[in-house]
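In the two complexes below, subunit A is the common chain; its partner is subunit B in one and subunit C in the other.
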Partner chain A sequence: MSALTRTKEKWVLLAPAIIVLSLISLAPFLQTVWASFTDAEITALERNSTWIGFENYAYALTDPDFIAALGRTIYFTVVSVGLEGVLGIAVALLLNQKLRGRLFLRVIIILPWAVPTIVNAVAWRLIYHPDYGALNSLLLQLGLIDEYTSWLGDPDWALNMVILADVWKNFPLVAYIALAALQTIPSDLLKAASIEGAGAWKRFRSITLPWIIGPMMVVLILRTIEAFRVFDIIYVMTRGGPADGTKTASFYVYQEYFSYLRSGSGASYAVLVAGISAVLILAYYAGMRRSSQGV
Partner chain B sequence: MKHSDSFATTKRTNPVSSEPILAIDNLCKSYGEVNILKEVNVAIDPGDFLVLVGPSGCGKSTLLSCIGGLTEVTSGTVKIDGYDVTHTDPAKRDIAMVFQSYALFPNMSVEKNIGFGLEVRKVPEAERTPKVRDVADLLKINQLLDRSPAQLSGGQRQRVAMGRALVRDPKLFLFDEPLSNLDAKLRVTMRTEIKRLHQRLGASIIYVTHDQIEAMTLATKIVVMKDGVVQQVGSPREIYDTPMNTFVADFMGAPAMNLLEAHVEMVDGKLRIEVARDDLQGPLVLFDPAPPESVAKHRGILKIGLRPEALTDVGSRARASDQQADCLLDVVEPAGSDTYAVIQMGGSEVIARLHGDVDADSGDTLRIAFDLSKISYFDAEDGQRL
Partner chain C sequence: MTLSKILTAAASVSALLSSAAYADTTLNALFMSQAAYSEDNIKDMTASFEAANPGTKVALEFVPYEALHDKIIAAAGAGDDGYDVVLFDVIWPAEFAERGFLTDVTDRIPSDLNNQIFDGAWTTVGYDDRHFGMPWILDTKYLFYNKEILAKAGFDTPPATWDDVLTQSRAVKDKGLVEYPLVWSWSQSEAMICDFTTLTAANNGTFFVDGEPSFETGGAKAALDYMQTSLHDGLTNPASLEYIEEDVRRVFSSGDAAFAMNWTYMNALVNDPAESQVAGKIGVMAAPGVSGISEASAVNGSMGLGIPSNSPHADEAWAYISHLTQRPVQEEYATLSLPIWKQSYEEAAVTDGQEELVAAADKSIAVMFPRPLVASYTEVSSILQKNIHSALLGQTSSEEALAAAAKRVARIR
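Up next is the complex of A and B:
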């Protein structure tokens, strides 16, 4: 086959994917970018939107509510991904031990992750329920609180409680990747380290962690990107409340679009959030490349 | 090389003590119902090079693992330098181990790998660096210190693994089949190097291998194991010349010792040994003028053991005292310096080690000289030495 026909063949084979992606991804994206430079609104009436340049962006970047929402998003991302990392590795280390019922534990530990986000969110809303939630009951019986508390009703607590629910759902993924990575560590390495005098912590720091850091980077960066876009769990649990206490960037965009119907301004927020996500994705690729080059 | 010399001289002056550096008493190890090690008793003196040898699954690696503290023992004790370390953490046994897989830490440079044990023990860097460099000099890997293990060849990794063991100057070195992953030529080179290191440093070494040539060449003391039971403990010469049973006789030596059924009885103060054979007229008859007492009172069938070099062509290596007989050569295998000939007798294939230049072909009848000075006798039933 000549080089020319081979090139043609490539394009023929790629064409369906390119067409579909253009229709469902590229076109809406370009439309959004375009809208972000206009004062478009979602109305029932026919209304011509006008080009207003960078006005939306100028407003967005000085909008204290949006900046606060970005701050909450970063807080949500850092805390939830951090906890998922620590908890995931800890659970993986546990599941990698020779213990009775290990297979059973390995199976049930994945369950939270297998549950749809919406179901998880509803379940946790029930757990946090101010009148009959399991959390209140547990804490009261343990004597840690004196009376039932509305965990999601308290602006200071709400975001942390959502983070807890999110960590619960997502740490199994991290644990599974960590477990898979742990199982590839040659046992001789750990034996050699212990003969050389390394205790459990030193073995973890010097052998285990460097060995699993590549796969961990991949899963944690993926989780970071996901966490940064967090929307569904907040929609179900708090709708951004109370007092905007859980309003993250994605939720802010959603409100701008669908509550205030300002599609032009909403588009500019969306583009900004997408831009930050793109930076995170680039970081992910960089991390991937570093880990594939080997430690 | 100045550094390495100073390293070698500061290495150790073996105390002349009667205390064995390693003493294993009645050691047993079982996994559930399966007994891997059965009442193992071994002791070595400081400076000994002990080789644990046996076929796959004989428990030799498990025994090493028990000595290293990597495997919990079921019963019995392990003492290192007089201290009972049976339940001591590996880190606190003052041992070093070289693994078959080398077990180099992939995320660390060669220098860090070698210095790892010192770093863990909080030896300051100013002290650590010269020690690492001395060992690197000794092993001729000083140009590799900045590399990562992935950039090294098999032989170089092997040296780094040994460097990591040597640098801490432990009481006991454990080697778990360290040469098995190397190609044949490098294996021989490294074998010599390990022997040289042992001679130079006088370290106490426990070495596991399934290769009986490695065992013979390296050891000052060999433990032959089978199915978790120690078959024989002795110097390479003892093991080779006076195997305690047919398993040891067969396992040690290449080609293996010839074991053949024979009918024996005392005739005129000599032991008459009659070996049946189908290929030539009449049996092979040999006389042992001085059989051991346990054999002299024996009359009937037993197994005799003759090393291939005890059967040779007349005129090359044969000695005056040798007895001679014509034998039919079934197969002739020239191997350069020697020629091996297979002869059918006593119900088995007997290998004779002939002179390399011998003029003989398969199917020829050749006069063979039998040297009975090192003949072994085994019980025909249980295979134990008589």
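Up next is the complex of A and C:
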């Protein structure tokens, strides 16, 4: 088979996927980008939108509240994904040990991930409740607090408490991917390192981590994309309060569209959020490439 | 109810109903599942409509108040599959009318109804001298007080002014009767704006003058100062900053507060032993005024029923709205929401067992203060919510918070 024929065959085989992706992903994205340069609004009346250039972007980027929301979103993403990574690997290492009830533990650990986000958000809102929340009861009985605390009403705590709820739900996914990767490490390799005198930390840093880094990067990229566009858990738990302390960038996109009905402006916020997500993903890929090249 | 009143009500209903029978139609109707009429109330009202209108079914959907606005907007693009009847708040007609989301029903409303229904109720559905629905829930926030706690603190009468509320609260706190005498719904939400509006009205404040923000000074600032003081002095439950109305009801019903601001629906529930530990010990009054400025204060928290402009069943939808808003139906379900009809307040079905509430309503309805009736209200409110919350959390002063809000409002496109 000639190179030309092989190339044609690749394109023919890829064509269905390209067509489907173009229809469900590329076309809406291009439409959103186009809308972001217009003054389009949500209305039931006949109204033609007008091209206004970069006006929407200028408005968004000079909005101190939106800039603050971007900062909050980056904080949420870094802390949430970071904790999920550390906790996920730690739990995976535990579940990879030969211990009694390992199968049972492997089954129940996935349960938080199986819970719908909305249900998870409602459950944690009840746990944090200032009057009858389980967290207050627990901490009071342990003597760690003197009185019940309004966790979601305190701007110093609210975002961190939402992060905790998000980590609880999503770390099992990271743990499962890490566990699957751990099971591919040849046991001989670890035994040999052990015989050579490498301690647990040295074995983890020099063998385990490099071995699982590829799958971990994939799952952390996925989680980063999800975390950066976080909306639903915040909508249910705090609706952006207190004093906008948990309002993230996606919340602004939603607000511009559905609360203020400025679809053109909302599109510009959405493109900005997607653009920053893309930068984060590229940074991950660059890191992955460097690590695979041993740099 | 006298025969003549029944006939008057029936005539009104007949006039409202634009046609008699509709065949095999299913109406999609959107309601909220908090405050005012309960889900069971609305299901019962709907069942009686369906029984009287064979061939017309109503599919009910209930969402939290916070989701109502966005649901209506999102469904506007659903064509024939959207809603046929929607419940909407008094703060949205300007926005919905300017964008064509609601059907203008002015010509469907008989002119003789104008004087039979309270002006505050008509405000709920009016914009630019047109009507975009029928008022249904005539509501405001009342001041509820625990008579037993006040008596133990040495007060035989409820407070006459907002300053009295603080004075009595201090006495209650000093005697150790409850830790936090006041409870409000001050989460970053519209519920907080309703309390802020009530206090602004009490202080004769304004939101806008000649289209420019006027809430940085005067009555609005006095309102925010009052809110801050009550928190700072430990009189308001600090968890109020996380509460919505149902939280307020629960705390007050547990006997953990001497005063609470809430809507009509709390009156029946807080006096129901199955729902409350303080049943029979509760008084309800119009929110007080400020000495030398006002006698009472109230926010217009009414809601109406409208027909989305994309509904293919406008006639059937209007028949359903007419059924729900008619006097006999409203009088039958008057415990959780008071009727829009003036004459209803003379009917035993409405007044019996809730005389205090009706007396409070009589006073409140007369002074109901509107939130800004502007198309960008949702954004204005959102800005105020954020900045007022900042002030209540102690992140900024009332002056700075309101000035920041005014500056941000001026930036609205």
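Note that the second predicted complex is superposed on the first by the 244 of 295 C-alpha atoms of A that agree within 3 Å, B and C clash if a C-alpha of one lies under 4 Å from a C-alpha of the other, contacts with A are read in each partner's own complex, and residues count from 1 in each chain.
We adopt the following convention: contacts are C-beta pairs under 8 Å (C-beta built on N, C-alpha and C of every residue); 3 or more make two chains touch, one makes a residue touch a chain.
Note that the coordinates shown come from a computational prediction; the quantities given were computed from them, not determined experimentally.
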| item | value |
| --- | --- |
| Superposed partners subunit B and subunit C on subunit A - clash or fit | fit |
| Subunit C, subunit A and subunit B - angle at the middle CA centre, rounded to the nearest 10 degrees | 150 |
| Comparison of subunit B and subunit C by subunit A residues contacted | C |
| Shortest CA-CA distance in Å separating subunit B from subunit C in the superposed model | 52 |
| Of subunit A, residues touching subunit B in the complex | 186, 188-189, 191-199, 202, 206-207, 210-211, 294-295 |
| Residue ranges of subunit B in contact with subunit A within the complex | 68-70, 89-93, 95-97, 99-101, 103, 105-108, 116-117, 120-121, 150, 164, 168, 174 |
| Contact set on subunit A toward subunit C in their complex | 41-45, 59, 63, 65, 130-131, 148, 150, 152-153, 155, 238-244, 255, 258-262, 265 |
| Contacting residues of subunit C [partner subunit A, same complex] | 66, 69-70, 73-74, 76-77, 95, 99-101, 187-189, 238-239, 241-242, 247, 250-251, 309-310, 376, 378-379, 382, 385-387, 389-390, 393, 395, 408, 411, 413 |
